[in-house]
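What follows is subunit A paired twice: with subunit B in the first complex and subunit C in the second.
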Partner chain A sequence: MTRAMGFHAPVTLDEATALLAADADARCLAGGATLVAMMNAGLVEPSTLVSLRHIDALRGIEPVGDGFRIGAMTTHRETASDARLDGGHAAVREAAAVIANPAVRNMGTMGGSIAFADPAADYPPALVAIEAEIEIAGADGRRRVTAADFFTDWYETALAPGEIVAAIHLPAMPAGARGTYHKLARVAGDFATASVAVVLAMAGDSCCHLRIAIGGCGPTPVRLAEVETRLIGGELDAPAVREAGEMLARAADPVDDARASADYRRLVIPRLLARAIERARAGGAS
Partner chain B sequence: MRIEQSFTIAAPRERVWRAITDPARMAPCIPGCDAIEITGSGRYRIRVAVAMGPVKATFNLDVEVTEETPPGFVASITRGEEGTRASVLTAHSELHLAAIDGGATEVRYISEISIVGRLGRFGLGVMKKKAASLGDAFAQSFRARVEAEAAA
Partner chain C sequence: MTVTFAVNEVERVIEADPSETLLEVLRERLGLLGAKRGCNQGVSGACTVLIDGRPMRGCLSLAMNCAGRAITTIEGLAQGDTLAPIQQALVETGAVQCGFCIPGVALTAHALLATNPDPSMDDVREGLAGNLCRCSGYVKLIDAVRRAATARGQR
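Showing the complex of A and B:
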C-alpha cells in the first residue's frame, strides 16, 4: 500500500515545528541514517517528511562558556573530528567516532540519533555521563531536559508529539577531567553489545569527579549515583572498581538478542568499566 | 518468542476464573485493546494497538479457546495480522490459575508467539521486553478489577 507522501524543507525552526504540529503522522528527517532505513523496511510510514537540512540554527558546534552547544543536525563525523571536544567532553567525541561506519557517520546526526533512542546506540551513555542537557523545540517554544530525563524507555524519549531536538548542551567539565567511551561490539560498526562512558578527574591519587553510564544494557543508560559516591575520594583500586561494576550490572536490565545474552552483558559490564577507567586515567582512547 | 509471566490476585480462584474467561471483563484490561467481538463459542476477535517509539501497529486477532478445564486451565490459539498482513502473528497460549493460601489466586500464563513480516525485522530482544511490560500492565489492571469486584 503506497500513498503520496508530503515533503517540506523549511529554513527556520519555527516553520519546522509548525509543520510537525499540524500533522501527527509527519516525521522530521535529519540525516536519514535511521528513518530512511525504517521506511524502507516498512516499519514507519510518515504522511509527510519535514527535512531539517536547511535550518542553519540546527548546525554546528559552538563553544558556550567552558561548554559547548552542538546543533542537532551536526553529523557524527563533525563531532568525531572536532578536537575542541577534549578533556571530559572527549566522551562524546569518542562515542561519535565509533558509530557504525564512515558512510553513516557522514549522514547521521546527533539529534536524529538521540531522538530515535536506540538503547544500544553510542550517544546516550556518553551524554548521560557528561550530564548534557537536551534543548527541545516545539510549536509552543523551547525547553531543556537533562540527558538522564530525556531517555525514558526502549525507543522512547521526553519528546512530545511535534517536538524536535534543537541542540545538545555539554556543560563545563571539572578541571583535569577526562572522558572516554568504551564500546564492546561483535564487529566494527555494529551497535554496542554493551558500552561504558566514563568522565573522571583525579586529585593526586584520589578520584575527585566520577560519572559512569552503561549503554546497551537496558531501556535507558544505567547510572547509579551511589556507585559514583562510593568511588569518589578513593584511589579507584581494582577491587573497588570491580564492586562498582557489579552493582551496575545488577541494576542493568539487558535483553537477550542476537548480539549477546542478558547474562553475558551483565558479565562484561564490570570488565568494560575497569578498562574504561584505566583508559580515562591514561588519557583516553589511543 | 516465549513469554512466561505470573501474578497474584487477592480473590478466590472461582472468582478469578469467571472474570478471566469472560472476554467482556478481560479484554478491557489488555493494554491497547479497543474492540472485542464474540464470533462463536470460545471464539472472539480483538483489536490491539501497540506502539514502540516510532513503530505503531494495530493487530486484528482471532482467539480460539482449544481447551478449557474449570476452574484452572485454558489453552488457546491466537492468529492475526497487522497493517493489512504486513506482519502475521501466531500464538499458542496456556493459562493456569492456582489457589494459594489465604483465598488468593496465582495467575500464570505461557505464550509461544511467532511474528513474521515487517515487525519480525524489529529486534526480538526488545520485543520481548515490550511484551513483558504489556503483561505487567495487564496484570495490574486485571488485578485491580477483580479485587474491586471481590470487595464489592
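Showing the complex of A and C:
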C-alpha cells in the first residue's frame, strides 16, 4: 500500500502551484477517481498531495460571452446536469453523462480527467470537436492551449511539470449548432471502445458547420479538417457520411486491446459517425 | 495528521496517513465493516458510501480530503430499529444473496430515491449501473428499489 508523506489543502491557486513547483514528486488531487485508483494499484507514489478541493477559483460553470468557462474541479455530474450546455455545447454535456457510473460522476472532475488523458476517455473528443481551450496554471503564470494541442500522446498532455489544468473554455458555437457525443462501450460504465463527437449546423438542407473528433482509436482524438471541408456545403447524405467515416477510420491509429481489435475499431468508426450525425440532426441524445 | 468529519451524524477526529482511504478508515479505524473492499479501483461499487448525501467511492476518497464532510454508511441508514424504506424493500423482495454488494446498493438506491422518488426501470438501472452484484441478482435488486419507491410514496 502506497503511503504518501505530505498533504496540503490550499485555498488559492497560487499556493497550489507553488507547492507543486517546489516538489517534483508532489501530485495534485482533484476528485480522486483516477489518482487514488492509481495509488491503490501501486502505480504512483506521490511524495506530497496537494488537494484542490478548497480552491473556489477552480469551481463552477460560468457563461463567458456566448461560451462557458468550466472550472477544472467541476464534477462530471455537474457538467452532465447543466442544461445551459445545449446547442453545440451539448457534446460536452453528453460526454460527461456517460462517464463511468453515478458515484464516479459525483467525484471525478473535468480537470482531473483531461490531465490523465486516457485516449478512451469521453472528454477528449468532445473538447476537440467543440474547439475548447484549456487554461493551464503554473508557478510562472497562466497560459491557454487548444484541446487539439493539449492531448499530445497516450496519457500525455501539454502540461509541464508543476502545471495544472485551471479551467476549460468552451467557445461560442455557430447559430443553430447541435453537438452530440456517441460512445460505444462493451458494458455500461466502461471507457469507450470507440466514440465520436460531432458539432454541426445546417442552413436549410446544407451543412454550414461541422466538427468531428473520434475517441478511443489512437493516442489522441482524430480530427481531419479535410473530412469536414468535404462535407460542409453538402447535404450530409448517407454515402458522403460513409465516405467521411472511412477516411477517418484510415487516419485513425487504433490498437488491439481487451476492449476490441484495431480492425473492429476501424470497422465501427463509419457507423458511429453516421449515428452521431443522425442524432445531432435529430436534436441530440435526449 | 488529523482530520475531522462526521460519520453517521457523529463527529469523528481521525488520525490518519495522507494516503489512507476513507474505506480503510471506516473499516480499520472505526470498525464500520458495512462498506466492502471490492476492486479498490472504483468499479465494483461495494465500498460506496454517501458523502454529503451523494454516493461516492470510499476506496477513491482519501480520508484527509474529507475534512468537514458528512459521511453516511449502511450502519447509519436505519432510524433506530426502523429500517430505511430501501432496506425494508430489499428484505421483503428477497433481494439479498451473498450480501457483499448490498451496503453499496442500498446507499446508492437511497440517494437515488431522495432525488427521484418515482424512478422508472431505466432510471433504476442507470442509477445502480455502478454497483456490481456478482450473484447477478439484478432483477430483484431493481424490484426492491421500485418497491421502496412505492412504499415511500404511501407513507
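For the reader, a short list of remarks on this structure follows.
Here is the rule we go by: the second predicted complex is superposed on the first by the 282 of 286 C-alpha atoms of A that agree within 3 Å, B and C clash if a C-alpha of one lies under 4 Å from a C-alpha of the other, contacts with A are read in each partner's own complex, and residues count from 1 in each chain.
Assume a residue touches a chain if its C-beta (ideal position, glycine included) is under 8 Å from a C-beta of that chain, and two chains touch if they have at least 3 such contacts.
These numbers come from a predicted model, not from an experiment.
Steric overlap between subunit B and subunit C is absent once the structures are superposed on subunit A; the two fit side by side. When both complexes are overlaid on chain A, the residue A:9 reaches subunit C alone and has no touch with subunit B. In the superposed model, A:27 makes contact with subunit B only, not with subunit C.
By the document's definition of touching, of the two partners only subunit C reaches A:51; subunit B does not.
Applying the stated contact rule after C-alpha superposition, one finds that A:41 touches each of subunit B and subunit C.
When the shared chain is aligned, subunit B comes close enough to touch A:156, but subunit C does not. Between the Cα centres of subunit B and subunit C, as seen from that of subunit A, there is an angle of 100°, stated in steps of 10. With both complexes superposed, C is the one of subunit B and subunit C in contact with more subunit A residues. With the two structures overlaid on their shared chain A, subunit B and subunit C come no closer than 11 Å at the level of C-alpha atoms.
Overlap of the subunit B and subunit C contact sets on subunit A: residues 1, 41. Contact residues on subunit B toward subunit A in their complex (touch as defined above): 52-55, 83-84, 86, 118-119, 121-126, 128-130.
Within the complex, the subunit A residues that touch subunit C are 1-7, 9, 29, 31-33, 36-37, 39-41, 49, 51, 53, 77, 100-104, 106-107, 188-189. The part of subunit A that touches subunit B in the complex is made up of residues 1, 27, 35, 38, 41-44, 116-117, 119, 154-156, 219, 253, 255-258.
Within the complex formed with subunit A, the residues of subunit C that make contact are 1, 17-19, 21, 40-43, 45, 48, 51, 54-57, 59-62, 64-65, 67, 108, 112, 126-127, 129-131.
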